[in-house]
Amino acid sequence: MTFSVAVAGASGYAGGELLRLLASHPEFEITTVTAHSNAGQPVAAVHPHLRSLAEKVFVATNAQHLAGHDIVFLALPHGASGALTAQLDPDTLVVDCGADHRLESEEDWAAFYGGDFFGAWTYGVPELLIGSGKQREKLVGTKRIAAPGCNASTVELSLAPGIAAGVIESLDIVTVLAVGPSGAGKALKTNLLAAEILGTANPYAVGGTHRHIPEIIQGLRWAGAERATVSFTPVLVPMSRGILATTTAKIVPGTTAEQIRAAWEGAYADETFVHLLPEGVFPRTADVLGANTALMGLAIDEAAGRVIIVTAVDNLAKGTAGAAIQSANIALGLPEATGLPIDGVAP
Amino acid sequence: MTFSVAVAGASGYAGGELLRLLASHPEFEITTVTAHSNAGQPVAAVHPHLRSLAEKVFVATNAQHLAGHDIVFLALPHGASGALTAQLDPDTLVVDCGADHRLESEEDWAAFYGGDFFGAWTYGVPELLIGSGKQREKLVGTKRIAAPGCNASTVELSLAPGIAAGVIESLDIVTVLAVGPSGAGKALKTNLLAAEILGTANPYAVGGTHRHIPEIIQGLRWAGAERATVSFTPVLVPMSRGILATTTAKIVPGTTAEQIRAAWEGAYADETFVHLLPEGVFPRTADVLGANTALMGLAIDEAAGRVIIVTAVDNLAKGTAGAAIQSANIALGLPEATGLPIDGVAP
Amino acid sequence: MTFSVAVAGASGYAGGELLRLLASHPEFEITTVTAHSNAGQPVAAVHPHLRSLAEKVFVATNAQHLAGHDIVFLALPHGASGALTAQLDPDTLVVDCGADHRLESEEDWAAFYGGDFFGAWTYGVPELLIGSGKQREKLVGTKRIAAPGCNASTVELSLAPGIAAGVIESLDIVTVLAVGPSGAGKALKTNLLAAEILGTANPYAVGGTHRHIPEIIQGLRWAGAERATVSFTPVLVPMSRGILATTTAKIVPGTTAEQIRAAWEGAYADETFVHLLPEGVFPRTADVLGANTALMGLAIDEAAGRVIIVTAVDNLAKGTAGAAIQSANIALGLPEATGLPIDGVAP
Amino acid sequence: MTFSVAVAGASGYAGGELLRLLASHPEFEITTVTAHSNAGQPVAAVHPHLRSLAEKVFVATNAQHLAGHDIVFLALPHGASGALTAQLDPDTLVVDCGADHRLESEEDWAAFYGGDFFGAWTYGVPELLIGSGKQREKLVGTKRIAAPGCNASTVELSLAPGIAAGVIESLDIVTVLAVGPSGAGKALKTNLLAAEILGTANPYAVGGTHRHIPEIIQGLRWAGAERATVSFTPVLVPMSRGILATTTAKIVPGTTAEQIRAAWEGAYADETFVHLLPEGVFPRTADVLGANTALMGLAIDEAAGRVIIVTAVDNLAKGTAGAAIQSANIALGLPEATGLPIDGVAP
């Protein structure tokens, strides 16, 4: 059986990655692609890398064009999907790659985003530890999925095993992320110009202001944390894609090194897309480029009393579009890995 | 008066940067440049960017060639300078850009480097707060200077004001550094090949093993810390030069935001080369490219209970060669900024 | 039916790309992977991006290990495959990604490579115009394939339509290529270090010395040129992969702009992997990253009397491993595009 | 004596580079800096790398603010300087870094730029061969200087010696340039976003449409060409600054290799800022980063019948701001190299 698919906001970077991955999905067929200012243009004019969809034409983003599909993926600016989805058939599987349906707390939404609050959908990180199970279970049969923030899911996956196992503390987490500028989208801002990014590292949203922080804390609570604090600093570096999150947490006193590694090993041993690397090995973002894979290395710094987890994710793939498709596969009862690349494109 | 200068190990990246900066120093004259495998070649064959020294020829690195100069800069692998300097005139000003004379503790040396221990020289970070003064005072008149580790001095300058003022805790510091591969030198290693670095972020020395850690802790002790722990993770990113250190420390309970900013403002208000940027502004490494300047932005994350200091330094300039020359200027009684660039080369 | 596959020299960049593409080929099964110094190690230790093959172990490169497979891909230094293939079963399909079997002229081999001459195999560029047909026809049923030089095939595909149609002159061709360092392999050379490539453009093999020149001229002869001269200059630029060839040729007097575009349009209209872009549109290497696709833009400069063809190819994919697999598909009677990605990974 | 200086349009990349170089010029004092939308802001807000000018404030760009200075540098969009300079004192030295006063031919202006034609000023490429002398001579005492187009001057310097000596033909020149995006300025265009430039090579203005073409042909005429044709293709590559021009020209029949090298050697032997590298050596853009230096390598391809000249220039330094200041030095009777860096910042 083939499912018909519409992608709204398909002209941006996240939308383009959805199209790239969907184009080789054996059970999904891209029927409709929508855009705002690019409506009327062929895909090739906006995404010259998508040769297999080159002549498909963007139509305007509205409920009419999205109606009648089995699946609708939304890659819209936050605030835009909330209004739109109210008009979609409740039986359509809708996967939102924006922020509108990630947060359960209206207070957090108001503090970090503002504007209308739309309420949370099923969170699209299947491998996330939730109580005694995993988020995967909640995705089965759901009709509404909130794909995660790319930085948020990277940090959540880095920490959840240790929190669920009680080997790390959820207070006083520190994470610093090297990120590529495609995560910021196609916005025409001076600080995203190539001349401003090439040859330099550039921090932003320093000091607890990044919108992914409440999402991370929500995920850590689901994993078992009573309370969590996270110092979160992203640094733009000159690579088009990728997140390398260096996350550290205090070791719970009395925990052994074996117990610590065992927590992560146990959590991800059976996963297709999330892997703990052998001791002493750490990932590079190139290793997951274009893939729906998260690679993780773990070190224990006894002198500092901290665990360090370094996790590499492609912000557009596993961070956004891959997570969305993986979650849709689960929701529809398809094999979870259907159509998703495991190997990165390196060097 | 002009001082005659020899640079030993001038064929590497640190050596090349010493030559570049020394070439425009009005009081120093480069008389001798030494190298190992490149001895006999002209500077242009190794450093094609140094047109003003193009025809000067490298001689072999030995005590004979280094004798008879007012100043000797050493840019040698660790272990090599210790033996060599024993043979130099005690009245010659010797500035070592290697690690051999940075650490006071033989135990630290044995744990992180190993091999013969040579003892500490005067540390070459003039702006570092030491007790109630600054390291600058100790440099006046000295004949032996240990230029700092580039990552170490970046983190020390980031933290010293807060520690000296008692507003941040020295336990449980976390720092993650985006660094360019020139810091690793010209070593022919697969992981330093361009194809391995381009388009990717690559962590190394994760988990408390980096050799700059004891140097940082030593610096923090000088600044007033009784004990310090530092989780330190460097991440190679695709820029040839530069360090962007994101350093966080716990705020001492009861401290106000004003007290915190005042600590850094007070420490660096009169400095030529170290600057605290205005609130909400953070530096990029491009801003200090080629310059002897450290730029620093500071944020307070109340929810996380941490101060975040983001500091940008050119690892070869302020991180190594610039610090060496600045310290030599002070040792010789010259104006501290003589011959040193303040402005970075951007974009 | 599944074909068993061995890849010799699988630890290099070309070998890694063969593995990446073969891993998702539905008709091929990677049975054996060989390496030299990495023999005994798992694939993950050398190619951490290849998670789907992570635990497969490299064995030594020798005829014994390569025997008994349906297909053998060779990714060895030039000179190494010639001796080895003499020992392989004549009925095995052997695809050499090295240079040993590309050139028909022993004189050219001696002038540009030297050492033993092994003779030419069927050239692995299916879309290349050859007389009144295409190279594809010669590949059907062959047992020995020489995958092309990445730069060579890029320039041949750029020019062949115009030469076959008689609209451009084959004398006085000029081509300048922006290339990524992965094309130079994993060789430990100072000029391939990241610090030497980041932020800079670096020409090499200037002045008619590059080894792909005789291969290009051979390809142009096949396409119909009586004689050809090519000024060929590659420039290393800071991208891990990719070739952007800017190739110009003199317009044959009396030719119209319509005739010129028609030559390329006609040649590639039915191709899956080679495309002429619309007038005024030119490709970027990102558009073909990881894909077996060549994109081409064409402009006519009347004042200069030249056609300019700009062609983008991923040197490891369409330039090497993709061409090898595409050619193997044809040789074995499989649909030509089996297992090969069309869409690039961008941005 | 110190000359007072105003820089108009100082908030752009060319303006920033003027400020950077002027800040260390011993005879010039920056009195006034003007901007359009950034008027009222301090320099540090726009150019955080210019610490030595951090607190100077931009004023609006108008004739009043520019009046009363010894020198006025203009770094304005083309069309803007023409109108403005009519209002400046004829005795003020005015150096225009825009295109308004480069072309002598109104026809060329109309064809490539359009709008009002302002007429040519003295061209600011001192080393350019003009008849039996050099452009330097024309600059002495002039009050109006047109700094060159960065690509144009790079190609002119590459070719002029061969044309003046009659060893290369001026018809059928082909040049392909790898260029960094800072040359395109701070314009907010999608194709200049970092995600579009990182990891990729991107051609533009293909097919004889680039505005620097008539400027190059004008320069070649001055050097002695009766007529010239140039196929000119720029390719954006992921480096913030730099031009690497690979230029080829047909060898005049009967010319020897010695005669060819002698032409370039003779032309630049006594120059401070333009150098022919030894045989077999070619420049990288990193070698001239931040410097007022042009480095050139020359090869002869006998099979192709062409000379290849590869020239590296920093588009903002020697390509624009450095040329402007060097020309101003000459016009004012100062030593030509005053205040200008010779050594590049590498690696």
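Order of writing sets the labels: A, B, C and D. Residues in every chain begin at 1.
Heads up, the rule we're going with is that a contact is a pair of C-beta atoms (placed from the backbone, for glycine too) under 8 Å apart; a residue touches a chain by one contact, two chains touch by 3 or more.
By chain, with names taken from UniProt: A, B, C, D = N-acetyl-gamma-glutamyl-phosphate reductase.
Just so we're clear, the structure is a prediction, and the values are computed from it rather than from any experiment.
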In terms of CA centroids, furthest away from subunit C sits chain B
Comparing B-D with A-B, the busier interface by C-beta pairs is A-B
Rounded to the nearest Å, the gap separating the Cα centres of subunit A and subunit D is 45
Dist(centroid_CA(subunit B), centroid_CA(subunit D)) in Å evaluates to 35
Residue numbers in subunit C touching two or more further chains are 13, 182, 195-196, 198-200, 238-241, 283-284, 286-287, 289, 346-347
Residue set of subunit C touching subunit D in the complex reads 172, 174, 176, 178, 195-196, 198-204, 206-208, 213, 229-233, 235, 237-242, 244, 246, 248, 250, 282-287, 289, 297, 299-306, 308, 310, 312, 346-347
In the complex, the residues of subunit C that touch subunit B are 13, 180-182, 186, 188-190, 192-200, 238-241
The subunit D residues in contact with subunit B across the complex are 13, 16, 20, 23-24, 47-53, 182, 198-199, 240-241, 275, 277, 281, 283-284, 286-291, 293, 295, 341-347
